[in-house]
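One structure follows; several queries about it will come next.
Just so it is clear, A, B, C and D label the chains in written order, and each chain counts residues from 1 on its own.
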Amino acid sequence: MPPVNTFPLQLRFGDEDSYGHVNNVRFLQFLEDARVHLMSAPRPGGSFMDLIDPDHYTLVGRQEIEYRAPLNFSTRPAGVDVWITAVGGSSFDLGYAVRDSVEAEDSTTTAIAATTMVLVSRSTGRPVRLADAQKAMLLSWQGPAVPFRRSRGK
Amino acid sequence: MPPVNTFPLQLRFGDEDSYGHVNNVRFLQFLEDARVHLMSAPRPGGSFMDLIDPDHYTLVGRQEIEYRAPLNFSTRPAGVDVWITAVGGSSFDLGYAVRDSVEAEDSTTTAIAATTMVLVSRSTGRPVRLADAQKAMLLSWQGPAVPFRRSRGK
Amino acid sequence: MPPVNTFPLQLRFGDEDSYGHVNNVRFLQFLEDARVHLMSAPRPGGSFMDLIDPDHYTLVGRQEIEYRAPLNFSTRPAGVDVWITAVGGSSFDLGYAVRDSVEAEDSTTTAIAATTMVLVSRSTGRPVRLADAQKAMLLSWQGPAVPFRRSRGK
Amino acid sequence: MPPVNTFPLQLRFGDEDSYGHVNNVRFLQFLEDARVHLMSAPRPGGSFMDLIDPDHYTLVGRQEIEYRAPLNFSTRPAGVDVWITAVGGSSFDLGYAVRDSVEAEDSTTTAIAATTMVLVSRSTGRPVRLADAQKAMLLSWQGPAVPFRRSRGK
């Protein structure tokens, strides 16, 4: 499996706001669905979700997104590239690129983004350590750092 | 006017997802509405929006958010604090804190966030310089840097 | 308490779609939140929700909406009038009017709507009978039939 | 082309609410997207949207939906059947069935619905008559009446 997975994203008419472009908030929903599809994708031995203890779940700790170009509603699918950028003790980082077409070779990258997910215990509410099998699967999806251009702000 | 403005946010039942908490994506919508209310607030001489040339508009260049605690739907309003953290030539940065109650003195901060807005010309699609009156109004809302704890990811 | 309850609705910038009006789908969310606030409103002896057995819950069986006039985003609250139109054995019907302002005496009704809610058992998945105390509270909110103009379609 | 068109619907994780089912409001968004795809589908001589005068647009006049069974998020597509039930002078009615799988032969119908669309002039804000070519295309999609079970409420 290549380090980058591409998720074909069906846009919805209601994703656009009154400016006539896909609303900035919706991009975060696209990241969520690309992530959910990656975590649920069947793999030998089960999906990443299958590897998670019933008492554990993943929550979003942090997100960052840089908007590069407007995205417009189309009945043809957009595409979200998703990959892993880092694996820590109880957390991991994902990188994303939202492209205006999943098919076109000359698609435009409309946003790049990063998410930190944390594995947490329902019982204690505290972070728990990723198991070796989880780390191995995440590392099989590892790709480059997200090429953010803008500084972190002041 | 104090440097930090607080926006009373009416939560919606549908803001929660199947995990039983307000969905991570919705927090970005809360930032948007806090920002829109700040930019539209009546001021002597007009709102910030009134100061914008009809050929110009503001777009979101970048966002960053750190989730601190789960937020749950309530019929009582949450609160979003919003302020300015930096003013540049054609852009400005906002800081936010999303709190679980706009009224309670001991409210919990559920997320902190930052947005970079860019002033752009419709005609050219290029950034344009903020006018002095715009900068002055933005600076009247200036507050501290957003106290992000998590590093930018790798 | 008067037969009609009015819910002040905080609009969100993202409620508008690319036609520059509040999207037709969002009106249904406004009904949901007016309903949730009514069902959660404190009453002597508890809210309607407090009267519901932990094994029971209400689900939406049917909805109908007639759009009368466009609604636009505003930082001032819209208003949703909500009342009961009928109480049956295990279901009840609500009527709604979505108005463009909760305050203005000459507000415009932008939509009228009706919802049928059904009380259901989690254990059996089957409808269960409303208790007398539930019926009495619902009847205290009873108002007129929803004045739909359009026929049911062919 | 058969009288009923089926739209493969990509569900989103955020379509579910805290009850753990797709939220009742989202079903209306699914209708909107099925309708938009039908109206934009390429046909000999152009799509239905291509036949609309630039001064004209369609707006939603009325909607009705009956919920039949819960729908759950899945990474496999749901399906929306969409067809025309009636064509009038300046309006037309659509019927829909939302099924839990676009592929499975034994899919479950989770909701059925109807929408009345009205062709309106931007200049006058008044309804305008459908052209013969528009009526002909709509009639090519004609199917049965929507088999609503519940009465219209009181």
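Points to keep in mind about this one:
Here is the rule we use: contacts are C-beta pairs under 8 Å (C-beta built on N, C-alpha and C of every residue); 3 or more make two chains touch, one makes a residue touch a chain.
Computed from a predicted structure; not experimentally measured.
Seen from the Cα centre of chain C, the chain whose own Cα centre is farthest off is A. Separating the centre of chain A from that of chain D, both taken as means of CA atoms, is a distance of 31 Å.
Spacing of chain B relative to chain D, judged by their CA centroids, is 36 angstrom. Separating the centre of chain A from that of chain B, both taken as means of CA atoms, is a distance of 23 Å. Among the residues of chain B, those touching two or more other chains are numbered 13-14, 19, 23, 25, 29, 32. Interchain contacts join each chain to each other chain, per the touch definition above. For chain A in complex with chain B, the residues that touch the partner chain are 19, 23-26, 28-29, 32, 57, 59-67, 85-86, 93, 114, 116, 145-146, 148, 150, 152-154.
Taken together, the chain B residues at the contact with chain D in this complex read 13-14, 16-20, 23, 25, 73. Considering their complex, residues 9-10, 12-14, 29, 32-33, 36-37, 40, 75 of chain C touch chain B.
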